[in-house]
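Okay, got some structures for you below.
After this come two complexes, each holding subunit A, first together with subunit B and then together with subunit C.
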Partner chain A sequence: MATEHSVAAPSGDQTRIHNIGYRTYDGPRLGRAYARRSLYSQSLRGAYGLGRSVKSKVLPMLLFVVMCVPAAIMVAVAVATKAKELPLDYTRYAIVMQAVISLYVASQAPQSVSRDLRFKTVPLYFSRPIETADYVRAKFAAMASALFILTAAPLLVLYVGALLAKLDFADQTKGFAQGVVSVALLSLLFAGLGLVVAAITPRRGFGIAAVIAVLTISYGAVSTLQAIAEAQSSTGSIAWIGLFSPITLIDGVQSAFLGASSAFPGGVAPTNGEGVVYVLLTLGLIAACYGLLMRRYRKVGL
Partner chain B sequence: MYDPTVARLTYRALLGRRRALILGALPLLLIVISVVVRALAGADDQTASDLLGGLALATMVPIIGVIAGTGAIGPEIDDGSVVYLLSKPVKRPTIIFTKLIVAIAVTMVFSAVPTLIAGFILNGNGQQIAVAYTVAALVASIAYAALFLLLGTVSRHAVVFGLVYALVWEALFGSLVSGARTLSVQQWSLAVAHKVAGGDLVTSDVGLTTATVLLVVVTVLATWYAGQKLRSLTLAGEE
Partner chain C sequence: MVRVTTFEDVTVIATESLSKRYPRVTALDRLSVDVGPGVTGLVGANGAGKSTLIKILLGLSPATEGRAEVLGLDVATKGAAIRERVGYMPEHDCLPPDVSATEFVVHMARMSGLPPAAARERTADTLRHVGLYEERYRPIGGYSTGMKQRVKLAQALVHDPQLVLLDEPTNGLDPVGRDEMLGLIRRIYTDFGISVLVTSHLLGELERTCDHVVVVDGGKLLRSSSTTDFTQTTTTLAIEVTDTDEHPDGTRAVREALHARGMDVLDSGGGLPGAGHVLLLTAQGEETYDLVRDVVADLGLGLVRMEQRRHHISEVFTNSDEQRDAQRKEAVGHGN
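And then the complex of A and B:
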């Protein structure tokens, strides 16, 4: 340390190198996995406004409450009227509340990725020992987890309420499990789509509108076309049209394989063959979103 | 009241780079769907009315309105570059008025024009449906642009609030609570469209007089208040 004090002042030459005590770090290095975990947990907390200002907590918390309150009301009604089953299937809940889910994705996906791009902080992340794949995976996982919390919490409320109301245990557990699988798929799909759109449009406000447009307009277009197809009594094409919007995609998957009743016009559910196409397309879309994000971040801002 | 330089800057902010392409995707989708529907179902007045009312007027016009209205001023306030504009010897109400004109123009071009085209594709303007919905889209463009421009000056989360109004209030509450329909730009513009079409296909829950008065009041008040907000604008930090 204080070596310069111990050096005796040389008589003639006054030049010398000061050692001002900089030390290299020799503690434990936490590495890639730790950085990835931190990024994941920070992004997940950020998606609900935790660790951010009060103002940015309002919207996600409000949407979370809006998502859970109808479930609580349904449980209360079921208990009060001593109903034999819940007024709404577990699998149907997310379909009915899709506007809230879309708003949540639209408000939080740009928050998660656009600000890093807009303020050019992405290179700072990549100066840490994480790589593109780590960043993308952490953000993707965080967004999907946040969505899963949003969509699975009301199902949990329904399930606990149903058990408290002494409904049939096996029946309710089966329905709950099917609902959880379906919302897990939905979370992955919506998170992927939201993040891709948000990463392409980093401008503030534009990303939100773009995500909403992708989710809502596609649903509006598909349901309009399905209604027309039903009016034309060409029921065979209804299921194929449903492939073109995210929410009808999830609806098709769960009505083909997860025992849900279809929300398509006329209650037309995809057959097993069409259901396979639905599942493949859903998984393909999730993979494509991941691939597109990887492509987007390959040389961003560097 | 109209400043060409401000207008040019706003046009560039709204339509520059690839943004015009993103804005253009929605109207293009509407036209593609109209072509598909016409090919599938043939010309049918009810179908045309459902599609134009449900997709064009209920979702497309508000979303374009949100993008154009908040996009005309929101990002500038957000990144702080609005101070360079405010420090110029241009009256603040003039800035707002100019930006409003631009936002209205963009909303009209990207929503009313495709509505007209889609209407003609769907049933060749049978029973004046295409014209009626185009008029509705034009009227709604003015009110939406003024409302969302005001939101852009008031809040940093203007887009979210605008979308909540358009999707939750007008679509969800409007279909559940009939009273909410009285306070909906969509219904006001439908009242005007009803007057144009005359038939029973285009209906509104609001009378024409009420609708016109409310439209004018909302547009003028929103513009005036946006000008007042801009006069006493304070720049906030991120979040």
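And then the complex of A and C:
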């Protein structure tokens, strides 16, 4: 029975400062909402490698730069050539850069959720005041915010550049706003899909491959089918095929309602009726991802 | 002798015919037990229901029937409030390898609701108390098992809980690490004033650390009593003596002499080292030690050792050990 107040450092520890004994904590305990916010900010920082090793900062930072550089070049060109408008619409930017976005989701969604599952850290969270819903919401919000930063930052570069090039203010502001709404939707959708896939494949490396597969293979399949449909001049089916991959889903939504020009073959944009289906499916998918994550984490409790 | 009711005014954990049934197994079967302040051991073989009990106590898994209170809060309705005041150290690995102990414990402190500055200060304090110094800035991946166990303990203590639940904290440790961990657990109560519920499948280990021991088997309460009660009924004395010219077989001489004085002596349990040269007798109290000393001295033999044989938990459960069957029944009898 060690009754003396000595720290368990029996020998060879000259660096030890005076032992001041155990101090109790009487300060505030900020509870669930604070813990959820802390988890959110820790996850968001982690998505850019902040607070993690130097090695894990490389990829997200690199992808962020890769996202922004083309925007900067476009702005430089627009300013230099005194162009009347930007070479690329705000809404088109994310569609063109989709490979970079997919790569970012594939690298960061697994690190956000799979690590906790793989190293069984999840039970430690749930032995604290936060509950399943808090954990899922914090992680979802953090991933979506990280994606929003990634996709909205280049739009901001374009917007600021456009204003510097003295392009039409009202026109640019409208385009920028439409682009921001579009990437916000994209961020939510991609974050949800990425997290769900990562949460069911906790094994190292596996999650990355699975996310890439879901995001890019579906796009490959959909655009191939759309090209075939166009070749057979059945343009009516092009819009419906577009429902089956995340990026074409976003493309459809913004072509129908956010004034974007469609990237579908032949520039076929969904009609308003089809557009409603696109919006409903997008929102439904986001909700389904949230539901699936909740179900997944209810199981892993302790 | 058995106190299935509150043994002090304050009760840390109280359960009342607590049951947990899964479709195929009954994990807890009408368990009623009270735990007071101090260090309490929860002993049971694997699958005895220890982890299930901890889950219910943290308010993470609803009981099928019965009720339980932790720190006076009902687990069914006050789960979040309980988890704010209770620390939990899981049995399994739970540490990410790529962050340092400091970063990890600070994060866990914030998850318990501590403001950032307090979280950092408490982390530094707690890591020092569990015996982690310079290494706390290195990634956890490079830690030894003993150091990892200390980090796990630190994250359970960092928010200064009123109670910590430690699930098999000595798992995977070598004998020295085991002793250090047990000493640390003792200090959590004596120095920090935090009550402890510690599970183990080794009774001997808990006897040294705990004030009170609760034994469960198959989800049922087998026994709940203070450690002194426990050891009194189970203490066996092992004696080994030298041979002399006068008594070529010292062991036999001592056995006969003790017999003559009315002591029941058993030969050493089979399979143990020194079998045949070790005598086992049940200690009745202080006078048994004196008797042995006198007998050995009278015969002019050297006393090589006289030690308490701590019983392994399996002896409380299994039927196979026929030699101690009577003793086992006695032990079990107290639990009911």
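Here is the rule we go by: the second predicted complex is superposed on the first by the 275 of 302 C-alpha atoms of A that agree within 3 Å, B and C clash if a C-alpha of one lies under 4 Å from a C-alpha of the other, contacts with A are read in each partner's own complex, and residues count from 1 in each chain.
One rule holds for everything that comes next: contacts are C-beta pairs under 8 Å (C-beta built on N, C-alpha and C of every residue); 3 or more make two chains touch, one makes a residue touch a chain.
Computed from a predicted model, the values in this text were never measured in an experiment.
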item	value
Touched partner set for A:Ile208, first subunit B, second subunit C, both or neither	first
Touched partner set for A:Glu85, first subunit B, second subunit C, both or neither	neither
Touched partner set for A:Ser56, first subunit B, second subunit C, both or neither	both
Subunit B versus subunit C as contact partner of A:Gly21, first or second or both or neither	second
Partner chain(s) touched by A:Leu124 [first = subunit B, second = subunit C, both, neither]	second
Broader residue contact with subunit A after superposition on the shared chain, subunit B or subunit C	C
Contacts of A:Arg29 with subunit B and subunit C, given as first, second, both or neither	second
Subunit B and subunit C footprints on subunit A, overlapping residues	52-53, 56, 115
Parts of subunit A lying in touch with subunit C, wherever the complex brings them together	1-3, 5, 7-9, 13, 15-16, 21-25, 27-32, 34-35, 38-39, 42, 51-53, 56, 115-116, 119-121, 123-131, 301-302
Interface residues, subunit C side, partner subunit A - complex	51, 54-55, 58, 60-61, 80-81, 83-84, 86-88, 90, 92-99, 103, 107-108, 110-115, 118, 122, 125, 128-131, 133-134, 139, 155, 159-160, 180, 183-184, 186-187, 190-193
Parts of subunit A lying in touch with subunit B, wherever the complex brings them together	52-53, 55-56, 59, 99, 102-103, 106-107, 115, 201, 203-206, 208-210, 212-213, 216-217, 220-221, 224-225, 227-229, 231-232, 234
Contacting residues of subunit B [partner subunit A, same complex]	19, 22, 25-26, 29, 33, 36-37, 40-41, 47, 50-51, 54-55, 58-60, 63, 66-67, 70-71, 74-75, 78-79, 157-160, 163-164, 167-168, 171-172, 238-239
